[in-house]
Amino acid sequence: MTTYFKDIYDGIATALIGMKVTLGHLFVKNVTIQYPDVKHVLPERVRNRLYVNMDDCIGCDQCAKACPVNCITIETAKALPDEELGETSTGNRKRLWVTQFDIDIAKCCYCGLCVFPCPTYCIFMTESFEFSEYNRDDLIYRFATLTPEEAAEKKANAERFKEEQEAQKKAALEAKKKAEAAKKAAEEEMKEEEGKPPDAGSTPDAGKISDAENKSE
Amino acid sequence: MLTEFGKAFIFIILGLVFVALGLLVAKLIRPNNPTAEKLLPYECGEDPIGPQWMKFNVRFYVVALIFILFDVELVLLFPWAIVFQKIGMFAYVAGALFIVILFLADFYLWAKGDLEWVRPEQRIPRWENLVDHAALRRKTDANAPLPSADARPATQTD
Amino acid sequence: MSQTLEALQEDIAAGRLKTDELVLNMGPQHPSTHGVLRLELVLDGEAVVKVIPHLGYLHRCFEKHAEAMTYPQVIPYTDRMDYLAAMNNNHGYALAIERLMGIELPERVEYIRVIMAELQRIASHLVAIGTFGMDIGAFTPFLYCFRDREYILDIFERTCGARLLYNYMWVGGLSHDVHDGFEKDVRDFIKRFRPTIKEVNDLLNYNKIFIERTANIGVLPVDVAVSYGCSGPMLRGSGVDFDLRRDDPYSIYDRFDWQVCVGKGEAGTVGDCWDRHMVRVWEMEQSCNIIEQALETFPPGDITEAIPKRIRPPKGEIYTRVENPRGELGYYVISDGSANPFRVKARGPSFVNLSVIDEISRGHLIADIVAILGSIDIVLGEIDR
Amino acid sequence: MFEIGLTHYLIVSAILFCLGVLALSTRRNAVLMLMGIELILNSANINLLAFSRYQGLNLHGHVLALFVIILAAAEAAVALAIVLHIYRTHHTIDADRINALKE
Amino acid sequence: MGLLDKQFDDGNIVLTSLEGVLNWARLCSLWQMSFGLACCAIEMMAASASHNDIMRFGVLPRPSPRQCDVMIVAGTVTLKMASRVKRLYEQMAEPRYVVSMGSCSNCGGPYWEHGYHVLKGVDRVVPVDVYVPGCPPRPEALLEGWMRLQEKVRDFSLVKPQNGKPQNGRA
Amino acid sequence: MEMTILFYVFAALTVVSAFVVVFARSLIYSAFSLLFTFMGVAGLYVLLSADFIAVAQIMVYIGGILILLVFGVMLTRQATDVEISASTLRIVPASAIVWLTLATLILVFYRTQWTEVRVLPSIEGTTMELGELLMTTYVLPFEVAGILLLVTVMGAALIARRQEVSTDV
Amino acid sequence: MESLLQSLLGDNLLTLVLYCALPLVFLLLYALLAILGEVKISAFMQDRLGPMRTGPWGIIQPLADVLKLLQKEDITPKDADKFLFNLAPYLSFMAAYAAFAVIPFSSQYVGADLNLGAFYLLAIGSLNVAAIMMAGWASHNKYSLYGAMRSVAQIVSYEVPAAMMLVIVVLFVGSLNFQDIITAQSGPFWNWMVFGGPKADVELASGEILGASWINLIFLPLFLASFVMYYITGLAETNRTPFDIPEAESELVSGYHTEYSGMKFAMFFMSEYANMFLVSAVTAILFFGGWNSPFGVYLGDMFDAQWLVALEQFGWLVFKGLFFVFVIIWLRWTLPRLRVDQLMYMCWKVLIPFSFGIALIVGFLVVVLK
Amino acid sequence: MNTKDMFDHLAALFPDLELQLDEDVPCIIVPPDAIREVGLQLRDDEQLLLDSLMCLSGVDFADGTLGVVYHLHSMLHNHKLTVKVVVPVENPHVQTVERVWRTADWHEREAYDLIGVIFDGHRDLRRILNPYDWEGHPLRKDYEVPEFYNGMKVPY
């Protein structure tokens, strides 16, 4: 019997306590940040959309290798010896034309793993997170600065150069058997630096080239 | 003119008319595009399993059953409530008797458990093994002696 | 214990099941299954005869991914297992690989890890408490909890840039050192947070209706809990004084003075929903204590010095476990000496805790199933992986 | 026909009564038979009230009707309890089938 | 056949203003289906929590798809779940919209390569109106996506489109 | 005039829905059309200036008996008896007799010279007087009704309970 | 009011229809306000803002909602019983609106001045029960049916204590007519039922107040308790928290209207909100003096303008009603919900015995003291 | 007790069984058709009392064998043990321990689902994570992702 009345009392009393709490909050300042008008101040380390500063990129493919989701596609073409690509701001010499540098931001998991290995600090995460799209393909960001024609040309150049070198090599091989071993080693080194051999089958989507520029305001 | 009930009747009609109007306007605007899948009953996205008909919980029925009798008694109480001041003690006693009877009915149902919701015996699951629960609870007390082997519950294997 | 259709039919044959029982689906889209769990409820009237959980609606093939990735690349995927406790998931995985490789961590890293893990525990418990309240029908506490959780996320965001999935604890170190003003932020948070606990207590935990709804519901006795391998608040709610942070110590938890909270059956029986819920509430306070102590002795140092250049653990295998907000999170890692793990199996606490639902919910009403499920506090990402 | 009189009510009640009887005699579902009974009781009530209005039965008719309603409720409660009982034991509420089951 | 079923060859003032009002009502009162799948769902919850409060946009979560306008696919859609997502979408009353939130539902996200059990993009089963990128998208990103959706609704026209683009809000 | 129209409205409502009750294919339709019968009858009561009874009718019949009947239909519903088995054999003789009765009744009503004594209830409504009657002349039935209901509650609960015990366990 | 309309339009049916349509106008406006109130109040209680972007501070949000619902497709599921499925919203709203007939909005306006107003209100409520049953059954969906059955059992059970509370007030006042009940409480607020009922007219200066009021002091706790209980039953009858298990999202998705979409859903929504006001208004009428001004005086009386008095009275009633609606909303965002068996426990084992007890005591006191 | 002691203890108890001790890991390797018996002993033996199965994992060793690894822990004694069962991939039958430790129920279903170890005597050996009509065991090293599932394209 006492529990019966105690239960009733408890029910009413605790309900009143709860009501007091909620009523109090009626007069507490709300915490809402009114998004489009007021924006949350993002901390500097915030990890949102990736951006690649193509001026600094040496096309080393480190970022793509580090990415767990494989959403970075890099294609490079070796520059001809007479082409001067300049230096990055960190002082690295550029030796490769980056013919394609696509980040499928739709796949990206914003883990930031690609940012750390970059030798020139040219791939980094920005503050911008407002880039919803009506079309999924618009979420593929193409950072390569070359136009498709240029890219094709560079690729062809590299191809040709390679062939020439191969031819030279052959000639040299026949001519000089002595230095064979040493030379081959050097050649091998070259190849390694070249990274992935360019894939002639895929050409970058026309008209999308400058999108990346437009989008990163 | 109509009586007051007539007005109440108009209220009823108006209620109907309002709904009809609302639905009519909606009908003029809304799209209508039924597809087979859309017309399936909603069941959290799953295929509905088994009949949509469920076994009816008898308790609801019993509640309705009891309610109907209380309902009738209430019907009788209303005329009593408005006249008893006029008549006085006698009416009070008559009505009070009636309420007491109601009380008894409720109390009877209560005592007999008819108002309990059918809650099948809550089975506290048991899975005996050699773990000594008391010891587990006392584990913080490192010096507590472990209970002897025979104090442990019987082993259940299968 | 789940049952097949044949088993059901068997039951019918044996007369245990009356033919006019009804099967009701809860989920996969259901407000109270906390994600995409599907429970098939066999009902007799409103009472539950059997609960048949169907998992896998969020099976994202974590283990397959782990085999295809290098060791550091797995970490973002561990984040996504128990997405409410990403820090703790990172922690467990990093710990496993570190132990496999025999890496000694700098002091500062350990401290930061503990603080982060405890903050994450609070954040995770806040979600658990809030959603549990929502299951019982109280919406407001949920928002209060989320409001305070947001402050924790702010701290995380300032430190590592992400709000939910951090990829913060790396093998041998951390991705970033804490931000400037971290200590102040955390202290502020704790100061701000303690009153919220009281508020939620007033509004929800000691509310008569709430107690009525959760006390004596879904009682999980100790033996069942142990046999089912339950862990975390689930096990402690049943009165077992067992916490990996103390009983299988890792990191530097043994340096702090804190208490393991256990259910005492204050409102009903030991091991009921209310106990499990309250263990979480109390644990939040304990976490605050740990954090405060850690901040007192927070050492300076370099956080990246122990990060190996190449992560190739020697051939071998290891099983490590850490105390997640939900319980014991175990990683079983086999290494074949290459850059990719040979096999990573994650033993998620929710996966194991959920398996007991059928045992503890028989004979309850539908509404109680909601309460029981809420008190187990599952995260589907970790159950289905 | 414009002036509504006693006869009109009586006719309505007669129709209701006959429909009730029809339900009772042709349909064999116990619940439906119960509905038939309710119809009959209603028709009786119409009569009672009509008489009290047009035949000077006055409020006594009302009181009677009130008691009829009470009885109807009590009858429905008990009858449906019995129906429930029958259903649980025989798994049907078809009067014919119940008879058949009894034999 | 209601008004919204029809397509007019050319619009007039009445039609366009009516359409404007109707679109306004729709975009201001997009009710959301409370339906979370994975990690993104937590950020979706955060978006409706006090700090971001998606309700400011007139969003009301409804549990039943019959009363919802927008389905936010927040999280990884697995093959097992895909048919359910499709059904839930089908069971929503038109006009209805889909917001795909997060990498996973955009295209499989981190699971696109090795995820044998992950659907690579929810757009393979339901038509998506807005893709919100992120893993998970910040609550604000969802709000931004929401505003994009509102723009899309605002542009809905009863007049037959000239460029042959499909109308939004219809299957 | 209004009275006349309303009478026909209510009478039609009553009779038509009562027809549906008896002849509907589905039991649930019978049950729900009973709702309209009761409403029609309540309307007729109002026309007969029996306001209290009319409201009581709605309260008891619709709020109570109807709900109970619907519950009864649901409870006893089986996959097979959505369509009610009406023994067709009996329909013919039964309905013949019933229609005959009806014809006779109507004939009798028409033939009888009713001496109409119109006693219009007071403007105040009938409740007061009804209450007074209940408290004076009918006080015994009033109490008996109470007892009756008590007994019914007990009986109904008993029956309902007993079968639960017998089949549930 | 009626005479005013008659003088304007003449004594015909149109007048009457207009007269009866007035509460409908009010109801519509109120519904918009209440929907907005619900979201706004809940938002502020949760440190949020609620709708902000539809009009200034989101004040025309409900309008957008209604317009949107007008455009929503109306789905009738394949297996549903089409006729009953479509009929149910009619019945539901009809029941809600019919109940408004007896709500006196002022001393000069009451839709239908029925002598058994309170009783009529109870009776018409049962139509709503039938509608819910119908909706649940016709949807052919498990959640709907469960929701409907729970709802029906709940409303039906709580009707008993609700009716007993009415009986208690009627015992005291001796009339079922709402206008009478309100008039009985006229005068300043201490004459309201919740403060122990009308006091004898005592001059303030004479110092006899105490002497005359000790009776009321006895009644005060009784009526206070009945007020609380009536309000609780009101919550239950409108399926509001903590009694919202029929629509409990976390269990039954959305109860009996799970399958309803578009305008039909809106109708259920409307009738729910209408019922909310109804319960609040009746609470105000029974225990808080209805349209009586708490000060016992009206501005209109000073200027001798009846219309102003009527308006003021209307304002007071609406104010009181809205206040109780606010409390309903407040409770909703504070309390968790009960379970179905606890709900029945509360009704049959707490409210009903208590209400019987109070009725007995009040009756006794009335007979002895009056 | 360390693994070595436990092994000695068990070897003494089960002289007929070919228990092996793997010193590297360290763990005890148990024949697949004895695991249940051994498991019961492990659970109930006074000195072992390994009442809690922390984890049960299926492994494809990629050398023609599949394995099941049991990680055990004693709540009372606070010691751990790893037990392994190795079976050939063509005939991956292992005794179930579902009734020794209840938690093994779901773990075994998972191992069956992902690796394809068949647990004899399990009362409800269905797939648990993948759909019931899924084909193949995804965590096998030689698993190939299907092209289509239920009409939905699986690869990107």
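Assorted remarks:
Going in written order, the chains are labelled A, B, C, D, E, F, G and H, and every chain counts its residues from 1.
Throughout what follows, contacts are C-beta pairs under 8 Å (C-beta built on N, C-alpha and C of every residue); 3 or more make two chains touch, one makes a residue touch a chain.
All figures in this text were calculated on a predicted structure; none of them were measured in a lab.
Among the remaining chains, those touching chain D and also chain G are B, F.
Looking at D-F and C-G, the interface holding more C-beta pairs in contact is that of D-F. Chain E and chain G have Cα centroids lying 37 Å from one another. Mean C-alpha position of chain A lies 28 Å from that of chain E. Those residues of chain B in touch with two or more other chains are numbered 2, 5-6, 26-27, 29-33, 38, 40, 42-46, 48, 51, 53-54, 56-61, 64-65, 67-69, 71-72, 74-76, 78, 81-84, 86, 102, 109, 117-119, 127, 129, 131, 136, 139.
Among the residues of chain H, those in touch with two or more other chains are 51, 75, 102, 129-131, 138.
Counting partners per residue, chain D has 66, 69-70, 73-74, 76-77, 80-81, 84 as the residues that reach two or more other chains. The touching residues of chain B, when paired with chain E in their complex, are 26-33, 35, 37-38, 40, 42, 44-46.
Only residues 66, 69-70, 73-74, 76-77, 80-81, 84 of chain D touch chain B when the two sit together in their complex.
Against chain E, in their complex, chain G makes its touches with residues 39, 43, 46-54, 58, 61, 63-68, 70-75, 249, 253-254, 257-262, 265. Residues 69, 72-77, 79-80, 140, 147, 150, 157-162, 165, 167, 175-176, 179, 199, 202-204, 206-209 of chain C touch chain A in their complex. Only residues 1-5, 22, 64-66, 84-88, 90-92, 94-95, 170-171 of chain E touch chain B when the two sit together in their complex.
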